[in-house]
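Just below is one structure, and these are the notes that go with it.
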Amino acid sequence: MGKKSDIVLIENGKRLDGRKPLEIRDTEMKVGVIPNANGSSYVRFGKTIAIAAVYGPKLLYPKHLQESDRGIIQCRYNMAPFSVDERVRPGTSRRGTEISKVIKLAFEPVLFLENYPKTGIDIYVEIIQADGSTRVTSVNAASLALANAGIPMRDLVVGLSGGKISDTIILDLDGKEDNNSEADVPVAFMPNKKEITLLQMDGQLTNEELKDIIKNVMKNGEIVYKKQIETLKKRYDE
Amino acid sequence: MGKKSDIVLIENGKRLDGRKPLEIRDTEMKVGVIPNANGSSYVRFGKTIAIAAVYGPKLLYPKHLQESDRGIIQCRYNMAPFSVDERVRPGTSRRGTEISKVIKLAFEPVLFLENYPKTGIDIYVEIIQADGSTRVTSVNAASLALANAGIPMRDLVVGLSGGKISDTIILDLDGKEDNNSEADVPVAFMPNKKEITLLQMDGQLTNEELKDIIKNVMKNGEIVYKKQIETLKKRYDE
Amino acid sequence: MGKKSDIVLIENGKRLDGRKPLEIRDTEMKVGVIPNANGSSYVRFGKTIAIAAVYGPKLLYPKHLQESDRGIIQCRYNMAPFSVDERVRPGTSRRGTEISKVIKLAFEPVLFLENYPKTGIDIYVEIIQADGSTRVTSVNAASLALANAGIPMRDLVVGLSGGKISDTIILDLDGKEDNNSEADVPVAFMPNKKEITLLQMDGQLTNEELKDIIKNVMKNGEIVYKKQIETLKKRYDE
Amino acid sequence: MRTNYIFKLLEKGERIDGRKLDEFREIKVLPNAIERAEGSSRVIMGKTDVIVGIKLEIGVPFPDMPNMGTLKTGAEFSPIAHKDFEPGPPSEDATELARVVDRGIRESDCIELEKLCITEKEKAWDVYVDVHIINHDGNLIDASSLAAVSALLNARIPKLEDKTVIRTEFTGKLPVVKKPITVTIGKIMNNFLVDPTKDEEDIFDSRLSVATIEDGKICAMQKGNKTGLKESDVEEMIKLSTKKAKELRKLL
Amino acid sequence: MRTNYIFKLLEKGERIDGRKLDEFREIKVLPNAIERAEGSSRVIMGKTDVIVGIKLEIGVPFPDMPNMGTLKTGAEFSPIAHKDFEPGPPSEDATELARVVDRGIRESDCIELEKLCITEKEKAWDVYVDVHIINHDGNLIDASSLAAVSALLNARIPKLEDKTVIRTEFTGKLPVVKKPITVTIGKIMNNFLVDPTKDEEDIFDSRLSVATIEDGKICAMQKGNKTGLKESDVEEMIKLSTKKAKELRKLL
Amino acid sequence: MRTNYIFKLLEKGERIDGRKLDEFREIKVLPNAIERAEGSSRVIMGKTDVIVGIKLEIGVPFPDMPNMGTLKTGAEFSPIAHKDFEPGPPSEDATELARVVDRGIRESDCIELEKLCITEKEKAWDVYVDVHIINHDGNLIDASSLAAVSALLNARIPKLEDKTVIRTEFTGKLPVVKKPITVTIGKIMNNFLVDPTKDEEDIFDSRLSVATIEDGKICAMQKGNKTGLKESDVEEMIKLSTKKAKELRKLL
């Protein structure tokens, strides 16, 4: 939608939480948080917290889901009942189904699925607290969990959202910005190959504005990428 | 139920839409309307529109559904959400389950199922607009779709509803008549073998009235039969 | 909960229905009531009526449920829609799922499951009328149905509930007592081996009170055991 | 083998259990089987055993019938009743059974639903008719329909205080004014059979269930099974069904 | 083999059905296809065939938008439309389709939802947009989005009497003020394709669906399929999509 | 093999991780783990990791308790937590866990539900206790029960304006007056074990979960696993559980 409300989201170049337009929230990343999983991670952007686990690759059942020449990714994105203001009823939602699909697609290009015929790699992401940008936070969590599982990847995948409020381009939208911005653009990309693997948009933007947002996301996504690398290195050093 | 309401459905021998008691509504039939299907059809009686598709015969999965000595018919009757006044919620309903079953049974006698062991023949009917007599319209649509699929049949199957209003026997009930008639008798039959393959009744009738209705349905069903034949011929001529 | 309401459930040593504290309601037991089943029973405690059927042991499908070295028990406890004041909607409930599980566990110790690899033994219990103590009534019904099915058992299983009202220990709680007692303790045990196979508790009790209740249940459970034996004998004598 | 034997006997006009073609099995109708339900009945037909319970709940009338109560019929094929019945949502056959039982009651105007309105447009009694199968040995439609009407006949309307239903006191009987009876006729090799066992049902060519009311009128019909019927078959089956319905009605 | 043939042709910049890379198939927009719906349209793109019907029902506004109607979009992949579509709850792909169609309408402010409030906080029109697939030969997103807007454009608001919806009389048209158009661009081996058939879709490297409104603004996007896109790819795909949207808009 | 090793050690009264039979693993209780929930707590017991979140929603009181709020407890075995947990509706084990956690809270009168009524018969707070398993290494019942009480203890009641819940302001703490503690005792070959790991659980003969309150009273019990228990076993297990509960209560 165009301007969604009269809430002032930016004043004197500062956003409601004091951030500059292109500033990313305080971020925390950990791996190996779920001992049972082959790989796992904890990722927090501000108050948005995602926990991801990777199980597999393992032979897929029922058999009719197997592909004879490659592995497949199965992904479930889920919000804990207590993650948002109004309790989320457990079970699948249409929003969850769509997000699960786009996250899955975000990782298809980076895995060597042809090396795992007949298998499935399960990526599970739980949003245990939500304050905007949950799908890109999930992408970062999944990227770290896959790496932590030791599954070879062509590149990591970085997720970051961009948007526009009062003619200003912003990054890493929080919940209030998500609901009231003029546009919201979640992006995931491979930082080395510079390829976009998830791209969606809600709101209204000119072609130029959109280009600008994507450019800024990919530039500042470097920060998120470094944080991922750092987190993985720290783990190896332990 | 006995007289269901005080609505006058017939006056001076004319029904609300001007039809004579035994007159069938304006009818339209086409086959081959769904390129992907093995056979398909479009059938309209007045404002009631059914689209049918046939897929198969094809090996049935899961295996436990297979019968070793014959094929089975699987049928789904479904109403589009926008087909009636109040939106229909997608998903199975008890009414839909029952109608699917009686349509399936209407075709058991005409197919050479013993020639297709372990296979299934799928008949799908979508009511995209409903104004009474949907199950018999579905029968006509399924009959044409099966013929269009080139599946050998002992006979075509003709569907037509009969009923009674103000002591008058009527045919091809529309929605208002369906809801307010004294009785409603959907019938499907094989026009050459003169065998009834679907027969249900709601309302109150004497034995004689019922006999009379069935007789009239089978007699005037000839018109529907001719229309089916014509439609199939026209297709071959194309 | 502690004292749940102000309803007086016992006065002058008599309960609302005239029973003495440790008295069991009028009880009726039959076996072989379902000709189709391998074993079956009808058990009534006051107004609580359970009908149980046993099917099996039989090869389990789908295969992934099979255990290569032993049979498994599958149990479903279900309440008929008309069994209680407010109609029960058909389908699984969380309460039903839990009760099914504890009933199943109540019989694990008495069956020689190691003798039936890859098979399943199905225990189905229908509560057709409920007035308290339904799960222990179900245990008695299942015990008789298994014996009636001729499935070897290490011991029968006896079910009986205990509880506390106004500092008095009672047995075989009816619906009103179930809802308003200070505590409710359903127990199932093997009468010869003196082993408890189902034990739950709701309410508030001291350790001593609880011990006392269990002791009384096991002592008076003898009456229920004798009734089971009698019922089975009578059947053989027929 | 059993099937072949049934066929052979039928050629001679005989049935495996010694009955005549148009003879019912022994039938017991046991009203008030479930004390706590508003109405109930158990019907035992040979080895077929069904219970129907009636519950009344407060509901909202349909917008197009603002001053009438509603009838809601369900059927559960409990897994206790047959090895092929599985727990889970109602099968196609259970759904058909519920709808056929429902139609007999509804179309006969058996219940005076207009007397079940509490407040126009807002509150009316929902009458739940729940069929529960205890043992399945054929002819579920007739047994269930009979049990349903029997249960309705002994059903009472609970007292209403404020918004609360008091189920220990009653304000009267459920207004039941008709007794629809459904009799299913099976056709096997040009024989017409009444009250089939499960073994007989499995080899039916065709079946026709007909519900009739006291005045002889037909109020519902449902054809089943896999072959077609001639007009003359239908006529004969209706005639037989109507005749046998009178016998069943006497059991109520 | 067919796949290989498609690849070979694409190397020469050709398509299997003779179209140019950026050419639509023949498109028919048939508004008012379903008389009894409040609005409807059928769109046929080559062999792809979809119907969208609009229904209006009375609902309760969301607490945070107490004076607005609501938009509810659904999509059913009817099993009539393709051998791989199965009866049952909506698949992942059907869910995505519904959400992409929804987003184009919602984000463009296509419907003036604030005009659909009946009583603040209590009653408002729910606008149901239901996509029904009749035959699937690719590009369901564009066909469905087009049909949805076309259906909304001919939708009318039924009369309201008391609490009853009178669906034979209307109080006016649904307030539709924008015409969002979605055009999906597929990428195969550095070729950008418009309006893909199912065969082409199956071998896409990547796809990008872009919804635009009259003033050229983009109001929704969705990337699909399995490979990554360079920034320059995205730019080119958006440009092509925006250009082709103008052609489609003329069909409304 | 691992199983055999566990058995061998147990014969010597030892456990695979070096603990005494009646010793807990290291336990961390982390209240307020989820800022946006009305209450929350994370409990880590060895490798077992659970989060409980509390949400308050406005609901309708039960007709038979017209002036009380309601408690609703759920448990999700998230597939992140164990390779055997699958997405989908709650399993039998998840259902049991939810019901055991619920019973401990409910039967201890932990929450003063009568203080949660807003308008008699019409509005009251529903207290949702949702257990989310992060990693499953045994003893989910004790960990979840502990996390639930810890979460309730820090839960606050949001402000209510008109019909709207304002979740950034609070009118007070949730009235929690009891601290039920559940300790599960496992029996393996006549050994009684506290706080089992998953490996130990898998070879339990039997388990008994006992919830106790401050005054030493027992408020809920649940027997699990596959063998019977002597009366004397039950007594010993209750004694041990009650004793260990005091240790856990100190962590709140």
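For reference, chains read A, B, C, D, E and F in written order, and residue numbers begin at 1 within each chain.
In this text, contacts are C-beta pairs under 8 Å (C-beta built on N, C-alpha and C of every residue); 3 or more make two chains touch, one makes a residue touch a chain.
This one's a predicted model, so the numbers in the text were calculated from it and none came from an experiment.
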item: Contact-graph separation of chain C and chain F, given in steps at minimum; value: 1
item: Farthest-lying chain, centroid of Cα atoms versus that of chain E; value: C
item: Chain of greatest Cα-centre distance to chain D; value: A
item: Centre distance in Å when chain B and chain C are each reduced to the mean of their C-alpha atoms; value: 51
item: CA centroid of chain E to CA centroid of chain F, Å; value: 48
item: Approximate Å spacing (C-alpha centroids) for the pair chain B, chain E; value: 32
item: Multi-partner residues of chain E (each touching 2 or more other chains); value: 90
item: Numbers and ranges of chain B residues touching at least 2 other chains; value: none
item: Touching residues on chain A, where the partner in the complex is chain F; value: 33-37, 40, 47, 49, 51-53, 55, 76, 78, 80-87, 90-91, 122, 124-126, 128-131
item: Contacting residues of chain F [partner chain C, same complex]; value: 90, 92, 95-96, 98-99, 103, 106-109, 208, 213, 216-231, 234-235, 238-239, 242
item: Chain C residues within the chain F interface of the complex; value: 1-2, 94-95, 97-98, 100-102, 105, 108-109, 185, 189-190, 193-207, 210-211, 214-215, 218
item: Contact footprint of chain B on chain E as seen in their complex; value: 34-37, 40, 47, 49, 51, 53-55, 57, 74, 76, 78-83, 87, 89-90, 128, 130, 132, 134-137, 165, 167
